[in-house]
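Working notes, structure below.
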Amino acid sequence: MQSPMLTANSANAGALQPGPVMAWMLLIWQHRVLYLMLLPFAALTLTFGLWPIALSILVSFTENQTALSDAATYVGLENFQAVIADPEFRHSLSLTLLYTALSVVLNLSLALALALALSGPTLKRGATFYKLALFMPVVTPEVATFIVWKWMLNQDFGAVNAALSSLGLPAFAGTTKADSAFIALVIVELWHHVGFYTVVFLTNLQLLDASLDEAARMDGAGRARRIWSIWIPQLRPAIAINSLYALISFLKTFTAVIVITKGGPNFATNFVSYYAYTKFDLAQYGKATAMATILFVIVLALTLLVHLYSERKDYR
Amino acid sequence: MATLELIDVCKKFGASAVLQDVSLSVDDGEFVVFVGPSGCGKSTLLRTIAGLEDASAGLIRIDGAVVNGVDAAKRGLAMVFQSYALYPHMTVEQNMAFGLKLARLPKADIDARIKAAAEVLKIGDLLGRLPKTLSGGQRQRVAIGRAIVREPKIFLFDEPLSNLDAELRVQMRIELARLHARLKATMIYVTHDQVEAMTLADKIVVLQAGRVEQIGAPLDLYNRPANSFVAGFIGSPRMNFIAARIEAIGPQGVRAAIGGEGDLVHFAVDGSRLRIGDSTILGIRPESIAIRPAGDGETTGLAAEIILDEQLGSGTCVHAMTRAGDILVSYLQGQVPLRKGAAVRLSLPATACHLFDRDGTALVRLE
Amino acid sequence: MSAMRRLGPLIANLAMTALALMFLYPFYWLIVSSFRSQEAMLVNPLRLMPESFDLAAYTSIRLVGGVPIEVYSFNSMLITVLATVLAVATTALGAYALYRRPHLPGFKFVQFGFLLTMMYPAMLLVIPVYLVMFRIGLLGTYAGLVMFLALQPILFLMFSQFFRSIPRDLMDSAKMDGASEWQVLTRVVLPIAQPVVNTVFLIGFLLNWKQWLPILVVAASPDRYTLPVALLAMNTEYGINFQSTMALAALTTAPIVVLFLLTQRRVIGGFVAGAVKG
């Protein structure tokens, strides 16, 4: 009785089965409310994200004079060749990479050390105050705080040298010498960012699996040993995410440069983003966007690398 | 009046086919249980019926009307989740009233329905509490109450009892059966607990890897499993399976040899599809095996040695190894003085033996 | 031995306190310096209290670059609040839709496009944004600025993270109760999300208050500048006046410091939530 009915229905079903395009449109129609919810966000992302990026990449293939006009002359890879041939760009790129490497390592290791210290029982009483102090620079406007640092590093009445000399230490040349300007930026940005990474580590430390630590303690492992072989491996996802954030932000370092050193002295802090920005000011749009594109590709590649690494190693 | 019909329903997540050609019809007032091992697609099937997932192909009909593409909110069904899924920011009463308010029911009706449901489920004094202050059993009652007040066409349950402890689970199972008897509503219930399936269901649907293995009344599935998967899945302790080679085929059934010595067993099954020498699988339920101490010149039955005896008080589970190395589990009522190491003889009654061909399909039993 | 045991934690706390004070010192120095003249600074850069509370600097910044300070403050407040409201609304809805049905046609594209935007050097994005604004006629308008600033990666990540923590069954359950997708959001998800929305709003406010480059580039004239942009202009153009710069920097920073002190637990927690792997 039932099977003939079934086959009749199946034939019916076949006839009703929509084609792929129809199915697609049906899906969109069914979920139209979700599409409407996404619309404003998608529109902003497109208009102020993807479109400018595409435009900027496009401009990197055009000639400077006509770059921003409607009838741009496309010159292929000329801008990229010019940029790569430019010794100052190569210098700038290696500076940026050096700065990024140094900053990522310093920030993450200091942050990890601080987080380990703050997570222990010893500093528990003042933990709120310590966290607050470390985090304050993260939220306050950089333009203001970097200007403060610029003046604090001032040779004549800056607090830094006054403090050094009152302690009987040699003076710090600050932004007047090439090496010290570079170091000054590393320190100022460390001050600005490290609180963020510390708090991320700290939160992840508090989520650690306590039973593993207890097991290791039963096995007679000392604190240093446990930190090294129990805690840090578990922090891997946090290390990955912090490295990612740090990589992206230090590769793009800009505000500190424009406020404190303006790329100087003698190009010692002329990082790629700042160099590209000065090219903009000189109306060399093609070159500027070529530099931006190169930096973008580097950020993208490194990000992908870190991401893949952390995915591969993440068994949780 | 609520019937449900599925016709060749398929569901794909990306490339993986989670449901394949599921066809099923559910009558009004029927209690249907989906069982199957973890990951076989029970929840997916239920969610597809609910409208929470879109079927990739096939038709779903409720009361005869095709509901593919109809939003879950508009299908008129209610679902009880394993995690209870109570709204944490609403009191018990608000939780139950939520769906009714959305449907713009008059306040008086809402109150009346909540009162009635609360009475049935004995949660009247919990109405003002927030879900986080309730115990697991109380939460589950509220979740069921939330479904009842909506007077849905069909109730859908996804393992509603699996988060409860054993005792509470039994109690709630009985209450659910009573509830069904009282409401006479169509209910579809997912579980991987076969006791729940056997006791609650009018009809059981056994699923494996996204396919329907068999549909039928609980005892039909128990007595006449369509294949070795269903045979092994339904019934506890599990059915025994051992290899058997066809030796003779006749109108009264077939004879097959098991074990190395070629002990012959008679099966009351239709052997017309078989040939002498075919390898098949014998299946027999532990409670069907008769077991006697060996010795006193007995020669009938399989000689075996007990390798494990599990004394359960109400019954005894005996694991016996034949000389060919097959292990057969037999379940005996009461406390039986058979101990590990004892030599025994097992007899496998022809009417209780199932025979499956090499693909696992059951051979038709002769009545 | 027991003395050692008591001394260890003491030393650790002292060291950590010293470090914390070093982190806070620039803020202190900023306030003190804004009350001290350049000459006084030259004599003693480290003085902890100003010789006198000299308000000269604060009166000198009544006008910065010819524009009254009130205008900058008003711009800061207006742009920050509007951009944050818009950011919270759009990212909450967007992140919710992307979370609910990540596999709908086009959704992956938006998500991916957004992540790409995060990676592009923002300061270089600003110039093409200038062109885009020009093309759609929003150049120099508050509307244009507000919309650009509403695109904030961390806010999106915070919302995504939160939505992922809501059990899917809860939303499915609301659907089964007959809720439309919109009602699921407004009657179930948002009430649960209330504290998170507050936190995201707070963090959006803090972040937008800091913004300077987009405003500098997109603003048609100084009377659209916000406090940080005016401060930057002072740093470069009228840069010699140390004391006034400090006063303006103090004004720019103070509201944020106060807000942060009042809400620090929530703000720090929120930042971390946005930085959890996802």
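A few comments on the model shown:
The letters A, B and C name the chains in turn, as written, and every chain counts its residues from 1.
The definition used in the following text is that a contact is a pair of C-beta atoms (placed from the backbone, for glycine too) under 8 Å apart; a residue touches a chain by one contact, two chains touch by 3 or more.
Just so we're clear, the structure is a prediction, and the values are computed from it rather than from any experiment.
Compare each chain's C-alpha centroid with the centroid of every protein C-alpha atom shown, and the nearest one belongs to A.
Set against the C-alpha centre of chain C, every other chain centre is closer than that of B. When C-beta pairs in contact are tallied for each pair of chains, A-C comes out on top. With each centre defined as the average position of its C-alpha atoms, the distance from chain A to chain B rounds to 53 Å.
Between the CA-based centres of chain A and chain C the separation comes to 16 Å, rounded to the whole angstrom.
Centre-to-centre, using mean CA coordinates, chain B is 57 Å away from chain C. With touch defined as above, residues shared between interfaces to two or more other chains in chain C number as follows: 180. Shared interface positions of chain A, i.e. residues touching 2 or more other chains, are given as 27.
Among the residues of chain B, those in touch with two or more other chains are 71. The touching residues of chain C, counted against chain A in their complex, run 8-9, 12-13, 16-17, 19-21, 23-27, 29-30, 33, 38, 41-42, 44-46, 89-91, 93-98, 100-101, 104-107, 110, 113-114, 116-125, 127-129, 131-132, 136, 147-148, 150-151, 180-182, 185, 206, 209-210, 212-213, 227-229, 231-232, 235, 242, 245-246, 249-250, 252-253, 256-257, 260-261, 264-265, 267-269, 271-272, 275-277.
By the touch rule above, chain B contacts chain C in their complex via residues 47, 50-52, 71-74, 77-79, 81-83, 85-89, 98-99, 102-103, 146, 150, 156.
Residues of chain A that touch chain C in their complex: 24, 27-28, 31, 33-35, 37-38, 40-42, 44-53, 55-56, 59, 68, 117-118, 122-123, 125-126, 128-145, 147-152, 156-159, 161-163, 166, 191, 195-196, 199-200, 203, 237-238, 240-242, 245, 248, 251-252, 254-255, 258-259, 273, 276-277, 280, 285, 288-289, 291-292, 295-296, 299-300, 303, 310. The part of chain A that touches chain B in the complex is made up of residues 2, 6, 9-10, 12-13, 16-17, 26-27, 30.
By the touch criterion given at the top, residues 167, 169-170, 172-180, 183, 187-188, 191-192 of chain C touch chain B in their complex.
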